[in-house]
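Same chain, two partners: subunit A is paired with subunit B first, then with subunit C.
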Partner chain A sequence: MAGLVPPGTTTIPADASKAAHTKAEEKTDYMNLPCPIPFEELHREALMSLKPETFEGLRFDFTKGLNQKFSLSHSVFMGPTELPSQSAETIKIPTAHYEFGANFIDPNLMLIGRMLTDGRLNARVKWDLTDNLSVKANAQLTNEPHMSHGMVNFDYKGKDYRSQLQIGNGSLFGASYIQSVTPHLSLAGEIFWTGQHLKSGIGYAARYETDKMVAAGQVASTGMVALSYVQKVSEKVSLASDFMYNYMIGDVTASVGYDYILRQCRLRGKIDSNGCTAAYLEERLNMGLNFILSAEIDHKKKDYKFGFGLTVG
Partner chain B sequence: MATKVSLKSKGKGGKGSKGSDEKSTVQCLKEWSTWAVKKAKVVTHYGFIPLVIIIGMNSDPKPQLYQLLSPV
Partner chain C sequence: MADNLISLDRLKAFWHSQVHHEQTRAHNMKLLRAAGLFAGSILLMRNYGDLMAI
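After this line comes the complex of A and B, so read on.
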């Protein structure tokens, strides 16, 4: 706006242009609101900073692109894997596996398949039928009976709203709807019903975002309350905080974290109210060669996880 | 008299079989859908990655076969 006002003029035209600019900002066009983000990405910025994919052990990923759309990936992992246990102590067994993956990424169709050495398949399909309607499917198939899961989502994107229908195996049904109410605020609701456990629930969410910050809140009838706030301090730094409370169980967790995106590396770290700190570093050693360091220290459970890895391609 | 009785019993027998038929169509449908889901799971488990590879090898620009196996 300053460029439009020629230099050397009096201050009165400059004030008038500034007033016109703020008037345009105040008068929001409620017929032309932006399309909100999908409901499952409500806490996206907070999750990016506060929940990096920490791992324990060695990880090596090699992605080979055959052409712009098609690539194959080979991944090796060696390290202890945690078994879910009821007692307070963590039980870990050492595992090593190789994972072969094939990815096909097209503007309209995305197919990602990953096959592990123990016979498990992770498949993800995203198909954009039209500009507004897209179908997503996600499956984890194993050789063991009754351990496979699959889920299909139908997403419809309107002008300033999005709606989604979810059908999963074990007769799981879910639907969600998110609507932009002002240029910065969007409100959402969701319902779900499981046949197997005979549970149903309803939830509401709100998200307020500007250029510098994002605040999101979510309440569900399962007892979950989740609030998150992310502030973009500068181009390279953003700080995030998160508060999760389950009013049925009375379980509270608060965490604070940071995300530094620098030229050669990306460093994320967080500290939790459960006495858990985590850090994740991705360093770009060369074009296409990334070195990863991951650490997660849980002082309360005395569980220390350190991992390192290399990603090629 | 004998024919009357036999007709009656036939009628009863007929009704009974129709009832069991109705039950079995619903059961049949359930069995078929379970069978179909089981077969679909096996087909997806073995065929998804080959399907992605076939779709990828036929996309433009068409990659060569040796590129699938070589690490370069």
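After this line comes the complex of A and C, so read on.
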């Protein structure tokens, strides 16, 4: 009689035990972590929202698909181009150029070439050798001596990690590695060495991602500290903020912006700690026809850039 | 006691060099403004970001 237990005292409710079991499974499944994003896309969401391709002047892009894989593009640009200058004043020269492009896009192979009227050639190749190994190459060739550049990247995608090897002209060598540590957190490191300038550097990065937000941070021995935070308010709206500091040069910039992706348009805007505001609007007028408005205002430098354009195809 | 005084002097010298020296003060103000904008924007986004939803 003493051994008999009254009914209902030691039984656990069925749903609570199921929740505890699921929680235990979620906690300990470190062997099945998701594959992280590539190292160069660490700040992807923040860059997409805060760094639209603002321009000044007129831009017209026309893309014509010849078949499912091959297309040609024609681009015209007319407007002032900023020259790098040591002084605080901005120096602009009026330019106009036409760019002819050819694109071949296949599930495993992507070839993109652009030729400009000033003699510059840009070329990009992305080749997926296997499911896990891909090769990327890009080159910018010009008539001016010592101004041409080329780079090859070998990317390997593992189960919960990615690694990359980079070789560029001017004896540039780089490698990076990113590893998922928890289902939300991934840690990364990179090293590079340039033979031409005899410089080397090492950097570390971390990225924390949930359904609602993405936070990423990166430090490098070159003196760079980059932090970014993106809040995914809804499917259509993102708010982003980033902080870039170079403690060797002493340059610091923080910017805050928004990104509204609506059915007919995409609107991005930002303001930064130097008092520069920018906005970029892409409006879909019709199927394949987009109207673009770009504005960037820097009251401090008295630099005002307004641009408009049309993309077809 | 002497060690504390020495470190206090160092602290004072550091404070003067960072706050009262014109160039470093300008740089520190720029850094503070950027860091404040970054941190403040994150706080606002996390707490009131839903108000921006459509």
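The criterion applied here is as follows: the second predicted complex is superposed on the first by the 288 of 313 C-alpha atoms of A that agree within 3 Å, B and C clash if a C-alpha of one lies under 4 Å from a C-alpha of the other, contacts with A are read in each partner's own complex, and residues count from 1 in each chain.
Keep this in mind: contacts are C-beta pairs under 8 Å (C-beta built on N, C-alpha and C of every residue); 3 or more make two chains touch, one makes a residue touch a chain.
Nothing here was measured: the structure is a model prediction, and the numbers come from that model.
Novice: After lining up the shared chain so the two structures overlap, which partner does A:L58 touch, if you call subunit B first and subunit C second: first, second, both or neither?
Specialist: neither
Novice: Quick one: classify A:I261 as touching subunit B (first), subunit C (second), both or neither.
Specialist: Neither subunit B nor subunit C is touched by A:I261.
Novice: Of the two partner chains, subunit B (first) and subunit C (second), which one does A:S234 touch, if any: first, second, both, or neither?
Specialist: second
Novice: Quick one: classify A:F100 as touching subunit B (first), subunit C (second), both or neither.
Specialist: A:F100 contacts subunit B only, not subunit C.
Novice: Counting only touches as set out at the top, which of subunit B and subunit C does A:M110 meet: first, second, both, neither?
Specialist: neither
Novice: Considering each complex separately, which residues of subunit A are in contact with subunit B in the first and with subunit C in the second?
Specialist: In subunit A, no position sits in both the subunit B and subunit C interfaces.
Novice: Can you check the complex and tell me which residues of subunit A touch subunit C?
Specialist: 213, 227, 229, 231, 233-234, 236-237, 239, 241-243, 245, 250, 252-256, 258, 260, 262, 272-273
Novice: Can you list the residues on subunit C that touch subunit A in the complex?
Specialist: 27, 30-31, 33-35, 37-38, 41-42, 45-46, 49-50, 52-54
Novice: Per the contact definition, I'd like the list of subunit A residues that touch subunit B in the complex.
Specialist: 62, 64, 66-72, 100, 102-104, 106, 111-113, 115, 121, 123, 139, 141, 148
Novice: Okay, in this complex, where on subunit B does subunit A touch?
Specialist: Residues of subunit B touching subunit A: 41, 44-45, 48-49, 51-53, 55-57, 59-63, 67-68, 71.
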